[in-house]
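You will see subunit A twice below: alongside subunit B first, and alongside subunit C after that.
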Partner chain A sequence: MRVALIRLAILGALVLAWELLARAANPLLYVPPSVVVPALGRLLVLDSYPELPQSLLLTLREIVIAYALAIAAGLGCGFVLGLNRLVGRAYGPILAALYAVPAVVWYPSLMLFFGLDAASKIAFGFLLGFFPITLAVLAGVRQVNPHMVLVARAFGARPAVVFAKVMVPAMLFTLVGGLRTGLALSVIGVIVGEILGSKGGMGALINHAYGLFRTADYVALVLVTLALVVASDVVASLVERRAQRWSD
Partner chain B sequence: MSDLIAVERVGKRYLTGSGPIEALRDVRGGLVVPDGGRVVVDGRPVTGPDPRRVATVFQEAGLFPWRTALENIEFGLELQGVPRGQRRAVATELLGPLGLREFGAKYPRELSGGMRQRVAIGRALAIDTQIILMDEPFGALDEQTRLLMGEWLLDIWRRTRKTVVFVTHSLHEALALSTRVVVMTARPGRIKSVLELPMAYPRAMESADLIALRAKLWSDIRDESLRAMGDA
Partner chain C sequence: MTSAERARVLVLQVVSVLALLGIWEGAARAGWVDPLFVPAPSAVVGAFGRIGPSALAGLADTLAKTAVAYVLSVVLGVSLGVAVGSVRVLREVSGPFVVAAYGMPKILVLPWIVLILGFGTAPAILYGTIHGLFPILVLVMGGVRDVDRTLVTVARAFGASSWQLYWKVLLPAIVPTVLAGMRLGIVFCLLGVLIVEMFAGVRGMGFVMGSLANGFQAPELFAATALVSASSIAIVLALDSLNNRLSRWR
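Right after this comes the complex of A and B.
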């Protein structure tokens, strides 16, 4: 409760500072909250950008597809590398090095490969989400206490059963953490991709608004996008908390 | 064939040696492939983990932290495909003798070391094999808990009449619990001597025959312990 109050106070102070500073500056570049709120209203009643629902839906769809692909490939890759010690040792460092490369450098080639439509955004969101998930699986596999595996085998568990009943629950917390990071990065990938060049989605609207110096609309669009990101992270953190209760 | 057998193991590392008596470790859920010889239970060879005939308790309880005590006890039955209701019933019935009646819904982190080990023993009892292997099951517990757990195990054994192969470093445990003690050499681990202990339970550890047996046991073990120390 007190945390919430303090958080509210900080937010209030920020908004106030924003209002005061923006009023003192060029109104074309700096819009105060008192202007943004009406703009947000116009956006939400589909006045300023009637195509908002389609754009939001498109962005959402790209995120869902990118994230689903990142999960599938990340889990697959992670488990193959994690469970085969030789392959893992050979390939692990390469993966970590690739992860360290700022992913934006890949985006131009992705646009060349996949064009300006949804595919390149999905590919970028996938690329960003894939690495943390894979690395979390790798870390998780290493975390599993070998004694537990031994116990399970002594009680007759075959490899598939060991995997499902021992390894996955034992690494669940790390796994869910990786999935959460992966989701955040997939979202970022899709939106950044849209902003860098696209014909649809929230990124395209944002581009349009700031390109025309419709700064208030631009800020309103950013706020909607922010709400989308925060909502996805809230869902992820709820899942994570659930997993935490399970693990040690 | 319902003996409580205790094995005084001399030096941990005999396990890595070779010899027919490795069998003892090998039977341990069939997790180790014998270097030679065969492991046979009731005339049929054991070639891998065989939870229908042999249950295992390890020195570390090895409970699954995401499962409650009950769910841990059910683990073996679950793997054998026993329906949920039935395995829950078996596990719940075990809670009383395990002294865990109030603790079925607790997670391992909420249990003491002795309780955890009893859950591990419950997990072995639940699959109802004729043979239970216990590899220093009380080795990680403090002295008092260890003594009490020994008494408790005797009680369980008298109710269930299973064959327990009990590996221990403790002379006291060997003498207080066993109907037969097999002394093993330092590596390579071989059978050095076998003592029969027909005395009734609970045993008066200060009685003349137990004191004599203790002396005999110690003299058998002493050389091996010295060798093991030299090895280490």
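Right after this comes the complex of A and C.
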């Protein structure tokens, strides 16, 4: 309780300091909160950017498609690599090496290939989400106790049953963690893609506001985008808690 | 892994990479893919020669910025992490702020950084530092919190001063965490620097790659991408082997 109060006080002090410093230095550049609030209001009543709902929806759609593709490909590759010893030994290290490359190096090629529209953002969000999911499945498969699989087989369980009843519950914790990281990275991938160059979506609005030096609108747009990011993380944490309760 | 198995794995790796390159080359030559977008590997190799000098200059520029950002984020991340992690009040109060800043997509503040600092080297270093700082900070904070309490209690009971407590107990105990953070941080720093160069660069590899993409120079772009990827992998592998040697020495 006391800690929460201190946190609140610090937050208040930060906002106040920001306000005072921004006013003293350069209100246009440092955007004091008192300017942000009305700008956020204008944005939310669709005054400054009437295309806000479509942009938000476009970004959301890109995220959903990118994440769905990342889950499908990540689970597929992860299980193929995890269940087959030789294939896993051969391609696992290659995958890990590629993961050590800062993903943004692929973005110019994706932009060249898929153009400036939604497809290049989806591809980049997919790429970012794919790696943590695949690696989590790989790690999860290695966690499964081989004795349990052996016993289930000995009692005549078919491979599909072994998979669903023994392997998935045993690795659920790691798997769900990977899926959550994957979502966070897919979201970041789509937003990075939009800001590096796009014709629609929140990134395009942010770039527009920034390019015209409409700094208050820019901060308001960033806050709306942040709300989208936080909402996706809240949904993911609810699902994660649900899955944990189920596995207990 | 037996040596026979290791050989099989190696053969499989080499064969599949060669097969991939072969299929790719064949598809490009047969015209199944548009060479404007997906150039044949042979064309990419040829492009290395054309972009060589400018790409190497860009790579040197990017790596220099990354090095500065990396040193800053390791120094700041470790010192802040030790300070915040070891003082309970600081940890409890600032924990949520650090986690929020860690999870936030930093790209959202990039336009603002560029507005304030302009184009060029300064925003790249700042943004690279922000990118590398938080993973290191979060790891080190956790590492300090998880240091065995008994060690601290015993040291205190034997009359260690707080200086000794930090130097002789806490810091040695978190060395593995710091090394893990350093390995993670380098990729994040490079990522941050490249993003700034693509967004608002005038030099550096990110800028080079962005211009090549805008100019539809696919072979040159693929060559530049391969160059950056290879150097990033080389840096991470070097850090890994350093890490291994250090942990063996410990």
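Note that in this section the second predicted complex is superposed on the first by the 235 of 248 C-alpha atoms of A that agree within 3 Å, B and C clash if a C-alpha of one lies under 4 Å from a C-alpha of the other, contacts with A are read in each partner's own complex, and residues count from 1 in each chain.
Assume a contact is a pair of C-beta atoms (placed from the backbone, for glycine too) under 8 Å apart; a residue touches a chain by one contact, two chains touch by 3 or more.
Here the structure is a predicted model, which is why all the values come from computation and not from measurement.
After superposition on subunit A, the partners subunit B and subunit C are accommodated together without colliding. Of the two partner chains, neither subunit B nor subunit C is touched by A:138. In the superposition on chain A, A:108 contacts subunit C only, with no contact to subunit B.
Figure note: vertex subunit A, arms to subunit B and subunit C, all at CA centres after fitting on chain A; angle 90 degrees, rounded to a multiple of 10. Once the two complexes are overlaid on the shared chain, A:6 sits against subunit C while remaining clear of subunit B.
Residue contacts after overlaying the shared chain place A:192 against subunit C, while subunit B stays out of touching range. Contacts of A:81 after superposition: neither subunit B nor subunit C is touched.
For subunit A, the partner touching the most residues, choosing from subunit B and subunit C, is C. In the superposed model, A:39 makes contact with neither subunit B nor subunit C.
When the two complexes are laid on top of each other via chain A, the two nearest Cα atoms from subunit B and subunit C are 20 angstrom apart. Listing the residues of subunit B that touch subunit A in their complex gives 28-31, 49-52, 55-56, 58, 60, 62, 64-66, 75-76, 78-80, 109, 123, 127.
Across the complex, subunit A meets subunit C through its residues 3, 6-7, 10, 29-30, 86-87, 89-91, 93-94, 97-98, 100-109, 111-113, 184, 187-188, 191-192, 195-196, 206-207, 210, 213, 215, 218-219, 222, 225-226, 229, 233.
Touching subunit B in their complex are the following residues of subunit A: 145, 147-148, 150-157, 161, 165-166, 169-170, 172, 246-248. Within the complex formed with subunit A, the subunit C residues making contact are 1, 5, 8-9, 12-13, 16, 37-38, 92-94, 96-97, 103-105, 107-112, 114-116, 187-188, 190-191, 194-195, 198-199, 206, 209-210, 212-213, 216, 218, 221-222, 225, 228-229, 232-233, 236-237.
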